[in-house]
Each structure stands twice: as C-alpha cells, then as structure tokens.
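Common to both upcoming complexes is chain A, partnered first by chain B, then by chain C.
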Partner chain A sequence: MEPLTWTGPLGAYLDTITLALAAAFFVAVLAMIALNAAGATGRVVTNPDGTLSTSGSPYDLLASAVKWIGVALIGLVLAYFVVGVFGGPDAGGIVGALSQRMTPVWIALLLTFAISIGFKRKLGLYGKLFDSTVGMIGFALVMFWVFTGVFGALDMIITHDPLSQVSGMKNKVPGTPLSGAEEGDYQWYLLGGDNLARDVFSRVVKGAWVVVQIAPLATLFAFMVGITLGLPAGFYAGKLDTVLSFIANLILAFPVILLFYLLVTPEIVATGLPNYMAAVLFIFPLIFVGVLLNARYYTQPSIRTPLLLVVLGFLGWIYLSLISASGTKINILPASLDLFDIPGGILVVFVSVVFVNAPTVFRIVRGLALDIKTRDYVAAAQTRGEGPWYIMLWEILPNARGPLIVDFCLRIGYTTILLGTLGFFGLGLPPESPDWGTTINDGRRLLSIYPHAALVPALALLTLVLGLNLLADGLREESLKD
Partner chain B sequence: MAKSDYDGPILEIDKLSISFFTRLREIPAVMDFSVTVQPGEAVGLVGESGCGKSTVALGVMQDLGKNGRIVGGTIKFKGRDLSEMSQEELRDIRGSEIAMIYQEPMASLNPAMKIGKQLMEVPMIHQGMGEKEAYDRALQVVTDVKLPDPKRILDAYPHQLSGGQQQRIVIAMALMSEPSLLILDEPTTALDVTVEAAVVELVKDLGKKYGTSMLFISHNLGLVLETCDRICVMYSGEAVERGSIQDVFNKMQHPYTQALFRSIPLPGADKNSRPLIAIPGNFPLPHERPQGCNFGPRCDYFEAGRCDHGDITMSPVAGDDRHHTRCLRFEEIDWDAPPAIGDAKERSEPGQVVLKMDNLKKYYEVAASALFGGGEKKVVKANETLSFEARESETLAIVGESGCGKSTFAKVLMGLETATDGTITLDNNSIEDIPIEARDTKTIADVQMVFQNPFDTLNPSMTVGRQIIRALEIFKVGKNERERHQRMLELLDLVKLPRAFADRMPRQLSGGQKQRVGIARAFAGDARIVVADEPVSALDVSVQAAVTDLLMEIQREQKTTLLFISHDLSIVRYLSDRVMVMYLGHVVELGSTDQVFAPPYHPYTEALLSAVPIADTSVEKKHIVLEGDIPSAMNPPPGCPFQTRCRWKSEVADGLCEKEVPPVRQVADGHQIKCHLSSEALDRMEAVIKLAAE
Partner chain C sequence: MGLFILRRLGLMLLTALCLTFIVFFLTNLYPNLEKLAKTQGNFRMSEEAVESWLGDRGYTDNMFVKYGRWLGVAPGWVTEKEDGTVTGQCFAENALEDSRDRYCGVLQGDWGRSLVFKDDVASLISTRLAATGKLMGFVLLVMVPMALIVGVLAGMREGSGLDRSLSTFSITTTATPEYVSGVIFVAIFASSAFGLKWFKGSATQAIENATFENFFLPVITIALYGMGYIARMTRASMTEVMTAQYIRTARLKGVSFPNIVLKHALRNALIAPFTVIMLQIPWLLNGVVIVETLFNYKGFGWLLVQAASNNDIQLLLAVSVVSVVVVLITQLISDIGYVYLNPRIRIS
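Up next is the complex of A and B:
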C-alpha cells in the first residue's frame, strides 16, 4: 500500500488552482483594507425607486472581486469533500478518506439544516438563528462535533479501535498504510499514529463523545444550581442575598486548579468528600423541577399531586443511582435498583465543573432577577397573591432566558476547555481516555517532531469552542431583534 | 463657522421622504413632508407615536443612523441644502446653528463631567472661545434659565440636580452658542406637570429673548397651543394638516385633526352626557399602510373609490394664511356639524361605602449606610394621615405629582406593604395589617390593580389567554380548565378584544390592546375595587379615549369602585366623581370634582390646574408658575408641606405655615382643604380656567 497524500489524485488537478485563488483572495482583502484606510470608499447612492447602489469606484470593484474569489474558494473546498464522499481515499487522498468516513455526519447535518430552514418561521428563537450567518456557521460547527460524537459512539465513523495499539505504527505521519493489515481492516492511519501506536483519528472521534456528553450536562447542572440559588437571592435581596453572594465570591476566589487537585487526592476521595458534594449539587435539579411544577399547579391538586409524584419519583431514582455507588461512602441504594454507577474519575470532573461554574451562573441570574422583579407584571402577580416561587420561576425566569441561553452556549465552551485542562493535567479521567485534553497532553512530549498527535485534538477543541462562541453570538444578535 | 446674515426662512423642508432599510424591506418613515420655519417662529409638530415626527428631527440633524436614508426631497437650512454638506460642515452646524433638546435630560448630559465644563465645551469648540469667556457665558446662560445659585450649579455633576434642573441645563447648553434653530423633541414628557409648566414658560421666554426659531415636537396638543405659532399635524408618516395655531385649532380641515380633538378631554366633556369619541381602529404599521389616504380606514368621511385611490397631495385652504390639508373632501365636509353623540348614559349613583381609610400612615425607615446597617436611620413619611371613603360605583381620582405618595398608598391598599398606623376598612374588615400572603382569596380578588406601563404589564413570555386563566386559577374561578377557558373568552369580550387574541403573545399586541388585557386580568375575579395607576398616560391620545371609555363602561356594569391615580387633570375632570389632591404624602384637598375644579382651591391645586396644558383656544387660564422643585420626601420642609412653593404664604400671619402642619378644614359639604389660609383669603381666589365663550 502506498501512503496517502493529503489530497490524492484530485489534488494534482485542483491544488494549484486552490492555492492561486487563496493567494488572490488574500491580496484582494489586503488591498481592500488599504483602500478603506485611505478613505477611498464609494458613495452610496439612492435610486429614485428606493433601492440602493454604489458607484463604480475601485473599492467597489475590489469588493465584488473579493466576494467572487471567496465564493470560488468555498466551492473548491467543497469539491474536495464531495469527491471524497464518493471517491474515498483513491480519489481524494486523506481529505477524501476523512470525508468519506464522515458521511453519516454530513447527511445528518444536511437533514438538520434542510428541516430547520424549511420550518424556521415556526421554531421561535431556534428558527431565527438561521437568519444570522454567524449563528448558522456556529451551529454547523457545534452540530458537526455533536453528530461526530454520536455516530462515533455508534462505531460508524472510527477506523480502528481507539485503545488498541498496532505494532510499527508508533508516531507515524497521517496517511501511513497500516502495517500488517489484514483483509477487512481499514488500510490506513488517516491522521497518523500517536506515541503508543494508536489511531489518532479514531481517538479524536471517540473523544468527541466524551466531550459532547460531559460538557453540556455539567453546564446544565451548574445552571440548575445557579438558578435555584440566584433567583431567591435577587428576588428577596437583603440578608439572604448577602450570605449567598458572599459564598459565591468565596468559591470564585479559590484557585480552580488547586481545587481540582484537592478533589482527586486519594486521601480526600477516601473521606467521601466528592461523593458528598455530588449529593448536595445533584439535588438542585430535583428542587428546581419540584418547585417549578408545584408553583404552577398548586391551585389544581388533582393534577399537581400525581404529576409531582411521577416526576419527582423518577428524578429521585436517577438521583439516587447517580450518587450511590458500591465501594464509596454513599451506598444507599441496593445494587438491584441501582441503574448505573458513575466512575469515580468522571464524578470528580462533574462535581468540580459544576462547583466552579455555579457561582458565576448564580451571579448572572441574581442580577437579572434584580432587574426583572421591578417590572409591572411581577407587581401584577404579587397583587393577585402569587407565591414567591411562582413569580421567580414563571414570571422572572422565562423573561431572563435570552441572556441565559447565550451564557449557556458560552459556558459549554468554557466547560469544554476546562475538561481539556483537567485532562491535560491528568486529573479525573483515566490516562488512556481518548478525550481531547488527555490526548493533547500525551502528544505534547513529541510536539516538535510529530505534531499531528497533539495538533488534531487541539484543532478539534478549537473548532468546537469557536462554534459555541459563534452560536452564542448569533443567538444574542437574533434575540435582541425580538 | 461665521454666522452669516440671512433673512429668508430658517428651515425649509420640501417634500421630504425618509426610509429605513431593513433586511426584509424598505420601511418608509416619512413621506412627502414639507414645513417652513421662519425666523423667530415656533412650529409645533404633533402626532401619535410612530407617526415619524422624531424622524423628521433626526433628518434635519442628518443623523439617521446606518439604515436610515433620505430618499426624496430637500432640507434647506438658511438656504443651504443639508444633504449636500460634508461631515465637517455638518459638525460645524450641529450644536452651533441647530441645537436639539431631547426627552430624557439625564441621557443628554455626560454623568462624569461637571455641568460647567459641559456647557463651556460648546462655545470653546464652535467659536474657539477662551476658557474665561466661556465660563462667563455659561454663568450668564445658567442665570438665564433661572437656576438658583448658578456658580454652585456649574460646579455640580448632573446627578446632583433634579430632573427639572437637568432639563434646564440641557436647554442652557442648547442656547450656549445662540443657535438659529432649536429642535425640541418632547422636552417635558419626562417631567412633572408643574415643572413642565415652568420649563415651557422658560422656553417661550428664551425663544423671544434670543429670537430663536423652534421646531417643537410633542404629542400634547395643549402644550403646542401654549408654545407655538404654527402647527403641523402628522399621521402615519405624512403631514395631514398645517397652518397657524388659530386656524388649525378652530377651523380644522382634516378628519384626523378633528378626530384627535374629539378624543381628548377638554373642559366641558363629561363621561355621561358628552363622552369622548375614540378614533376607531389602529394606527397602520409602516409597511401596511393603505392605498390612498392613510387615515381612510379610520375616517368617518371615507368615500370608497375616491379616498383609497392614488396619492393625495396637500392642498391650500382658501382664505387662510398658509393653511394646508391633505384631504380630498375637505371642501365638502361640514366641519361645524356636531359629532353624532351616542345615547347619553345614565349617571350611576354611588352606593354604600366599601372602602374607608382612616388616618393611614406609612413610614419607611431608610438606613443612612446600606452596607453596614449602622449609622442614623432616616424616616421617609410616604403617607401622612390619609383619610377618605370610597363608595360603590364611584370614581375617586387621586391626583399628585411624582413623590406625592400615591403609589405607596396603592401598595398599602393592595397589601404589598402594611400600614404603619391607621386603619383601612374593606366591608367592615380591617385589612391594613394583613399582608397579601395572609389575605383570603376573596379580599385579593376584590381589590385589583391596572398598571401604568402597557409594555410592562403583561409577562412577555406567556400567551394572553394563559395569563388571564392563571388569574382565574388563583382566584378559584371555575371548576375545571374548560370552564376557565370559557370565562377567559368572556373576559376578552368584556374588554372588546377579539377572542383570537387568547393565543397571541403580548409582543403581538399594541399598547392599547395590552392595557385592555391588563383590565381583563384585573376583573378576572370580579374585582369590586380597582386601583388604576395612570392606566392611560403611556398611551396615545386616540387610544386613551377608548381605554378610558372601556373602564367607565365596565364600572357602570359591575358597579366597581375605581380609584383612578393620575397627574393629568383633564382626564380626571372628565371621568371622576370625587378628587383627592395629594402633595408629599398629605391629602391637601378632597371634594367632588366640581368643588375641586372651582374656587376656593388649595394653593397647590390652583397651581396644578394652571399648569395643565389645555388644547382649546377658547380657554383662558390664569398663569401661575411654581418656583423650585418638589422637596424630597426624605427631607420634608417643616410645617405645611407646600410652604416652600406656595404663593399665598405671605397672606398667613406669623409664619404659621413654616411652623405647623395646617388642620383639615371643611369649606363646604364634603369638600376639605388642608391650609392655613383664612376663609376670606380663600374666598378671594379666582377661577383658574375660564371658558371665554361661555
């Protein structure tokens, strides 16, 4: 087997054109910036029929040139991927092969976008996201990694087992053919091998699943804690607010990394501290949902009581399964009822991420509640005798959702980076875990000689966080237009 | 720029059209708008919100933002076309030749800069004046705008001044470079009535003194009558009528102008015999304007096939000076025909007393330092010895300016606060000590409230129907979801909203419609006492009448007691049976509407009556301008609360006003005044408002 080149036979035709176009694009953009700085922008003219047009100054010619070269460039890049999907490694080289492996992701992305754009006027804020280019790019990047994670977990994308080592593949560059390949094996390490001769591509895909699972869930828990404490702090103000804000500041002032180190120290784990913290932090979603439903339905006991019983019973079961694990300090639930055990490492990661993120969310929610509680509709709710929790959860919270959704997206990004940091320090997750932080840490030792092992997960982390930030930007922009 | 001698019109706007461009469409904000401002002339620009009057002002300043553009016509300032000037030339003109005064004074001042510095900047930048000269000039102008102790003011930061003082500073800043044209965009909307009167007075005097031309933008016809020489009425982006004040007010030639005048409460209007006539329908959205006449669908004189066909241009009215109207039929319409009056409504007789307040007091303790809780505690006396009764199906108006304690009173009545002292009796039960959590459902449902700000009164993330159903759930109305849904639909009928609105979100409703939903929600539990906190003051004039009428109608049907909190005396005179005037927590006057609106007055009532602008040229008003601002409730003056601003103080011997709070005196049956003035002095008072014709 020949080693694969990046673009394969297709590259022989297209690479020069692509490079030339990219250079032209770059030069044109530079020229545009120069002209703009010189103040030679064209004057916008209003036509009698109300339309606008610009006069034909050099700046405008350049602007349209940039536009068309940009379009051509995007078209070419797309061509590499499309040829790859159908031709595979034989036609498109490494890029083509990657693109072919990702086929389920492409299909899922296309379907998501087609359906969403088709019904965007009926989908509220989510639909409006498709009015904003920035938001759509961000959403596409995020969904790309979500789908990669999901299909990766279903073993649809990966080419090799992420944990198994193949002799002779140590630190091999991308596109190296598999040594000793048998019939039915995938013939290449598409993105090379790491220092333990494992397939980098498969590890990144598997790592996506770890990130996509933990980051949003941990952020969601942090939000539950922050909201459940922040709403009363802002609504009642006074002493409660002073105490809660003080505690929040205390946690924020504590060095995060030191906290993590403390939490994973065997002596601390042996005292059961992480388990107790989990027991406290994970009860907040229960309180939140319970209060939410009770406030809404307490006037109709016939609906309220069964609803609360079912929902709280189910959540309580999950909660107990979550915190109780055999061999730890908390082992209340009999094994036959225990739905699942969380590995100790993941629990620590979860607890620490929730613990450090909740105070920030608390402060945002508190500020929003302080502002919204002065509105007339809150006064109207008070004058008709609504309880404080109804007002907090049904009158204040829904109207604070704009900033909270934006912050949620940003915070998933932070959490992802935090997970990477934790993995990088070797905290929490097991050493062979394919998550991106651990992989970057593994790869950094030989960074100057074989950069690909660290670079690939780093790029993955970068694109996901970038996507989340763009998505937050798009959501903010669109929610302000309401 | 040297100020050239020029004696033509200061501002000529000719067939101006301004559009805003969004991603979806072009939105025409102003169309075919022409107006001329002569030197020394004050022109009023009147219209409802969204009619494009502020856009015209921004167009004159050439400050339309990124997506606004002048798509036709010209704006000439002293004969020069503003749209052909470069940015540098425009910068020279703005602030020096054309100055603008905005609605919100605090937003127009830089909070981090001392007043003196902000004022001195103007001549230093535009005329290159030296620092010393600029300071002298600033001192001179601050003295001109009648601010006390100008030197101290120049050394103060904006937040150290009251709203009225801030607006005077903004006016002073506009006058620093002696502009030829002053644009005032709702300059007094954020101020209290008595302060507004003083500021308007000031603007008028200064206009005369400096010979400045003014473009006065307002939604208040009365204010325009008091300040302007000429008026231009706008509707939906177009000027519909323009002419001199006398012509437009007395011989209006456009159906919209006429409808506008018929929908505002003028002296003589009465809720039973001569009710207001609301303009039917809604203001068209800019991209949904009808063909032909924009006012067509709401017009009484609409003629299909003619009014909805093609563009309509301004045509001059024969015999009048520069009086134009945008109406095809103005020569055919009999403008003097009296409006078709619906059936005169039966005057409802007040029933027995349902609510009684006796010596109600509400004090707040404010810690001097909030952080450590230590230090001296100050007491704010928000309500002081409030006593009155309210009867069934009676409208009691509570009148006063901001800080007079009317909102505190409402809070105590609703149970959001408990009283410090005194009693509130509702149907023989004392409720002053029962906070809202402890009140039973019946009491809560009986006392409900309608709020001031329509954009704030509904929860933006719940459908209209859901919000009303929630109120029904809380008030335990209806046995199941279906009954409550049915009742909710009936409530929508009650406030004359289509039933389809149940599934709408509040943002899809106009201000007036939201206020109607607010009323429906208040009546969900068959409320017997409704506190209406300025329910119409944030609405447009044409909508105000409709909402007021709705309230009156529901009151008549349900025999509700309405406590109508307002600062607008015209509407109070129109709809209330009895009036209570409050000042700094004290009830200074209480009596039937006729008694309060006729002498003898409490000196504060007198000033309040004089301050309210009335859009009727036949009304003669006595001119009383109060000095100074309302004292802070934290630090009330000793003795009579009103003594610091009272013009009758000298009539009372021994400085009694400064020593003792005056006793409540019965001057007639059911008419009480809290004043030291002798009966003779009270008898000498003249009526403030006189109808010249009658």
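Up next is the complex of A and C:
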C-alpha cells in the first residue's frame, strides 16, 4: 500500500487553483479592511425609490471580488469532499477518505438543514436561526460534531479501535498505510498514529462522543441549579440574596484549576466528597421539576397529585441510581434496582464542571429576575393572587428565556473548554480516555517533532467551541429582532 | 466612598478566610494526610505508625484548631516524646524553654515550609510570582492595546465589512482556549514538521533571559484568548456610543469622522472595557497555569500545579491566598475605577 497524500490524484488538478484562490481571497479581504479603516466607503447614490446606496468605488469592486472569490473557494472545497464521498482514498487522498468515512454525518446534516429550512416559519426561534448566516454556520459546525459523536458511538465512522495499538504505527504521519494489515482492516491510519500507536482519527471521533455527552448535560444541570437558586434570590432579594450571592462569589473567586485539583485527586475521591456533592447538585433538577409542576397545577389537585407522584417517582429513581454506585460511599439502592452506574472518573468530572458553572448561571438568573419582577405582568399576577413560585417559574422564567438560551449555547462551549482543561492536566478521566483534552495532553510531549497527534483534537475542540459561539451569536441576533 | 471601600475590604477578608478554610479542609482530609505521612516518612508505614507520625505533628487535632495555628491565632503544637525530646511547630527541636515561640502562622509572617521543594514558602512564592508578573506584564502590554484597537475599529461602523471580519476574529479567539492555541502555535512555528522554527517551544530560559524567540509564543497564547472578550465588549460599548445623540450632532456640524471617533466617542466608549479588563485578570491566572505548564515556564502557575499534584499543604494554602487576593483586589479596583471614570456615578 502506498502512503496517502493529503488530496490524492484530485489534488494534482485542483491544489494549485485552490491555493491561488485562497491567497487572492486573503489579499482582497486585507485590502478591504485597509480601505474601510481608511474611511473609503464610496459615493452615495440616491436610488429611484428614495433609498441610499454606495456604488462605483474601489471598495465596492473589492467587496464583490471578495464575494465571488469566496463563493468559488467554497465550491472548490466542496468539490474535494464530494469527490471524496464517491471516490474515497483512491481519488481524493486523505481528505477524500475522511469525507467518505463521514458520509453518514453529511447525510444527517443535509437532512437536518433541508427539513429545518423547509419548515423554518413554523419552528419559532429555532427556525429563525436559519435566517442568519452566522447562526447557520455555527449550527452546522455544532451538528457536525454532534452527528460525528453519535455515529462514532455507533461504530459507523471509526476506522480502527481507538484503544488498540498496532506495532510499527507509533507516531506515523497522516496517511500511513497500516503495517501488517489483513483483509478487512482499514488500510490506512488516516490522521496518523499517536505515541502509543493508536489511530488518531478514530480517537478524535470517539472523543467527540465523550464531549457531546458530558458538556450539554453538565450545562443543563448547572442551569437547573442556577435557576432554582437564582430565581428566589432575585425575587425575594434581602437576606436570602445576600447569603446566596456571597456563596456564589466565593466559588467564583476560586481559581478553577486549583478547585479541580482539590476535587479530582484520588485521595479526595476516596473520601466520597464528590459523591456527596453529586447527591446535593443532582437533587436540584428534582426540586425544579417538582416546584414547576406543583405551581402550575396547584389549584387542580386531581391532576397535580398523580402527575407529581409519577414524575417525581420516576426522576427520583433515576436520581438514586445516578448517585448510588457500588464501591463508593453512597450505595443506597440495591443492585437489582440500580439502573446504571456512572464510571467514577466521569461522575467526578461532571460534578466539578457543574459546580464551577452553576454560580455564573445563578448570577445571570438573579439579575434577570431582579429586572423582570418590576414588570407590570408580574404585578398583575400578584394581584390575581398567584403564589410566588408560580410567578417565578411561569411568569418570570419564560420571559427570561432569550438571554438564557443564548447563554446556554455559550456555556456549553465554555464547559467543553473546561472538560479539555481537566483532560489537559490529566485530571478525572482515565488516561486512555479518547476525549480531546486528554489526547492533547498526550500529544503535547512530542509536539515539536510529531505535531499531528495533538493538533487534530485541538482543531476539533476549536471548531466545536467556535460553532457554539457563532450559534449563540446568531440566536442573540435573531432573538433581538422581534 | 471611604465607607464603600471599607465594606468591600471587610467582605474581601471574609471571602479570603472562607476560601482558605475550604482549601485547608480539603487538603487536610484524612486520605491526604495519610499520603503525606507515607511520602514524608516511608511508604511501608503501618496504620499505627501513620497515626503516631500524624499525631506527633499535630495533624490529628481538630480542624479549626489546625486552621487557627496556620493563621497564627492558636498556639502551635508541642509534642513531648517519652525520651524527653520536645518538638514543636514554632521552634527547632530541643530549643531552650524561653526561646520557644508560641505562635507561628500567617499573622506572624510565617508561611511555613514547602515539603516538595524543601524551601521556605514565602521565598518560593515571591520568586515564582515575580516570574509570572513578568509574563502577565507582557501579556497585558500586548493584549490591552490589541483588544481596544480591534474593538474600536469594529465598533465605529457597525455592520461594515471591517466590523464583520474583526468580530469573526474576536469570536475565533474567544473560542480558542490556551491549550489549543498554544498547541497550534508550537506545531506551526516551533516544530520540525512544518519546518518554520521561528520560535522556541519552551520558555524555560525566559525566566532569566526573556528574548523575543522564547517569550513571544507564551505571551501571545494568553493574550489572544483574553483579548477576544475585551474586544467584543469594547465593540459593544463603541457601537452604543456611536449611536448617541451627541455623535449625531457632531456629524451634522461637519466634524470629520476620524475626529469624531478619536475625540468624541473614544473616551466614553472606554469606560466599560476598563471594568472588563480588570475582571479579565483573574481569568488570565487560569491561562497562566495552562501556558506555564505547556511551555514549561517555572512561574506561579507551574508552582500551583506542583503544589496541588503533590498535596503540599502549606504551599497550596499560600498559593490559594495569593490567587484569591488577586481576584478580590482586581474586583475592588474595577468597582472603584468604574465609579471614578464614570462622571454620572461619581457626581451623584
């Protein structure tokens, strides 16, 4: 087997054109920025319908040049991927092979976009996202990694086992043919081998699953904690607010890394402290849902009591099986009733990430509640005789959803960064875990000789967080429009 | 104003006490102490030997008493062994009866000894902090002007091509944590794989002799991550100012655009970023830990990692005191600065 080049036979025709176009695009954008900074925006023309526009200046020429070169560039890049999907490694080199492995992700992405754009007027804020280019790019990047994670977990994308080591593949560059490959094995290490001779590509795909699982869930829990405590703090203010705010500031004043080191070391885990923290933090969703439903159906006991019994019973069961695991300090539930055990490392990481994020959410929610409680509709609800929790959860919270949704997206990105930080310091997750932070940490020792092992997960993390930031930006823009 | 600062100082003191107690509590949990005894004594100590080793050194006392000793408000431990030798926290073995100090804690200026570095914690912290101070100084020198220029340029014409490209740039930098950008920079500019080798991948020598070659990458790595947020805040405040009535008046009077930006808008637009810059400094501390580990620059962040991974209690406490004080002081400065810079608040 020949080693693969980056773009294969296709590259022989297209690489020069692509590079030339990219260089032209870059120069044109720089020139545009320079012109803009110098203040040249062109001559103002009055159109027949009375609107004003600029035209005929070098700036406009440049702007249209940037647009068309950009379109051509995107078309060319797409060509690499499309040829790859059908031609695979023989036609498109490494890029082609990667694109072919990612086929399920492309199909899922196309379907998502087609359906969402088709029904965008019926989908509320989510549908409006497809009016903003920035939002769409962000959403595409995020969904790309979500689908990669999901399909990777179903073993559809990966080319090799992320943990198996193949002799002779240590630190090999991307595109190296598998040494001693047998019939049925994938023939290459597409993105090279790491310092333990494992396939970098498969590890990144598996790592996406770890991130896609933990980050949104941890953020959700942090939001539950933050909302449950922040709403009363903002609504009642006074002593409660002072105490809760002090605690929140206390946690925020802690350097995050020091806190992680203190919580995640094996000695602390042995004391069971993270389990107790989990027991406290995980009860907040229960309280939240319980109070939410109770406040809504308080006047209709015939619906409320059975509903609460069923929902809280179910959530309580999940809660108990979440926190109780054999071999740790908390082991309440008998094994036959225990639905699942969370591996110790993951639980600790999860708890510390929730713990670090919750105070910030608390502050945001508190600020929003302080602002919204002075509105007329709150006064109207009070005059109607609604209870405080109904007002907080059914009047204030829905009206605070805009900033909260935007912050949720941003915070998932931040949680991803925190997870990476934990992995980077080798805390929490087991050392052979394929998550991106741990992989970067593994790869950085040989960074100056074999950079690919650390570079690939680094770029993966960068694109995911960038996607989440862009998504949040698009959502903010669209939610401000109405 | 004086009362405000006093109240804030009181709150600071309370926060610092709470936080150090939490650190103290976590580092003094029994499994940690057991590990400490085994690494300091020997690894094959029996349960009883560990117990007596800890008991002799006052580790098994009540948590609050131990914390008081560290603070210097409770008398240090004194153990008299069966053979008559007297050891104590605050004096050398067999010191004369009347030359024994009773208290030795932070209040007496004694920060204890580091068990890993076998050195005085106070001197360790001060030398490492100086090294990190140098790094932070350069980071601020690069980050603040860059962020302000990007933010002002983006904000002066909202929605223009310049605004879009600069905003994309600042979003990208906020999405790139230090361990990602550091890895990318080292891979591109310092590795043999790309063959550029413009800079060095390690900043160990930069402590004594910082050159552009060995110091630029760590500085730019921290500066980039911190700058995106400041730039976006500056942009937001700039766009707000640019839509204000008095700017419109100035335009209608025929003041030139550069003059409007530099003389009229800039001063008002820079109030909000000041607060953000101050609040960003504690976040830089995080970046410093990552970058110092990545580039092997032996400063304060590196010390934090060493202290935390070895459970060096005294050192860890001192490190957390320093970082908490940094956080609280920057918060205080940002509050005072905001009041001072904003005439509307200052006068009322």
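As a convention for this text, the second predicted complex is superposed on the first by the 471 of 482 C-alpha atoms of A that agree within 3 Å, B and C clash if a C-alpha of one lies under 4 Å from a C-alpha of the other, contacts with A are read in each partner's own complex, and residues count from 1 in each chain.
The rule is simple: a residue touches a chain if its C-beta (ideal position, glycine included) is under 8 Å from a C-beta of that chain, and two chains touch if they have at least 3 such contacts.
A quick note: this is a predicted structure, and the numbers were derived from the prediction, not measured.
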| item | value |
| --- | --- |
| Greater chain A contact set [chain C / chain B] | C |
| Touched partner set for A:379, first chain B, second chain C, both or neither | first |
| First (chain B), second (chain C), both or neither touched by A:413 | second |
| Touching partner for A:299 - first (chain B), second (chain C), both, neither | first |
| Partner chain in contact with A:346 - chain B first, chain C second, else both or neither | neither |
| Partner chain(s) touched by A:140 [first = chain B, second = chain C, both, neither] | neither |
| Touched partner set for A:330, first chain B, second chain C, both or neither | neither |
| Touching both chain B and chain C, residues of chain A | none |
| Complex interface listing, chain B residues touching chain A | 19, 21, 23, 26, 69-72, 414-416, 436-437, 439, 441, 444-445, 447-449, 451-453, 456-462, 471, 473-476, 507, 518, 521, 524-525 |
| Chain A to chain C touching residues, read off their complex | 29, 32-33, 36-37, 39, 41, 63, 66, 246, 249-250, 253-258, 261-263, 265, 267-268, 270-271, 273, 413, 417, 420-421, 424-425, 437, 440, 443-444, 447-452, 454-455, 458-459, 461-462, 465-466, 468-470, 473 |
| Contacting residues of chain A [partner chain B, same complex] | 46, 48, 50, 52, 131, 299-300, 375-377, 379-387, 394-395, 398-399, 401, 482 |
| Contacting residues of chain C [partner chain A, same complex] | 11, 15, 18-19, 22-23, 26-27, 29-32, 34-35, 153, 157, 160-162, 165-166, 171-172, 174-177, 179-180, 183-184, 186-187, 190-194, 201, 257-258, 282, 285-286, 289-290, 293-294, 304-305, 308-309, 311, 316, 319-320, 323-324, 327-328 |
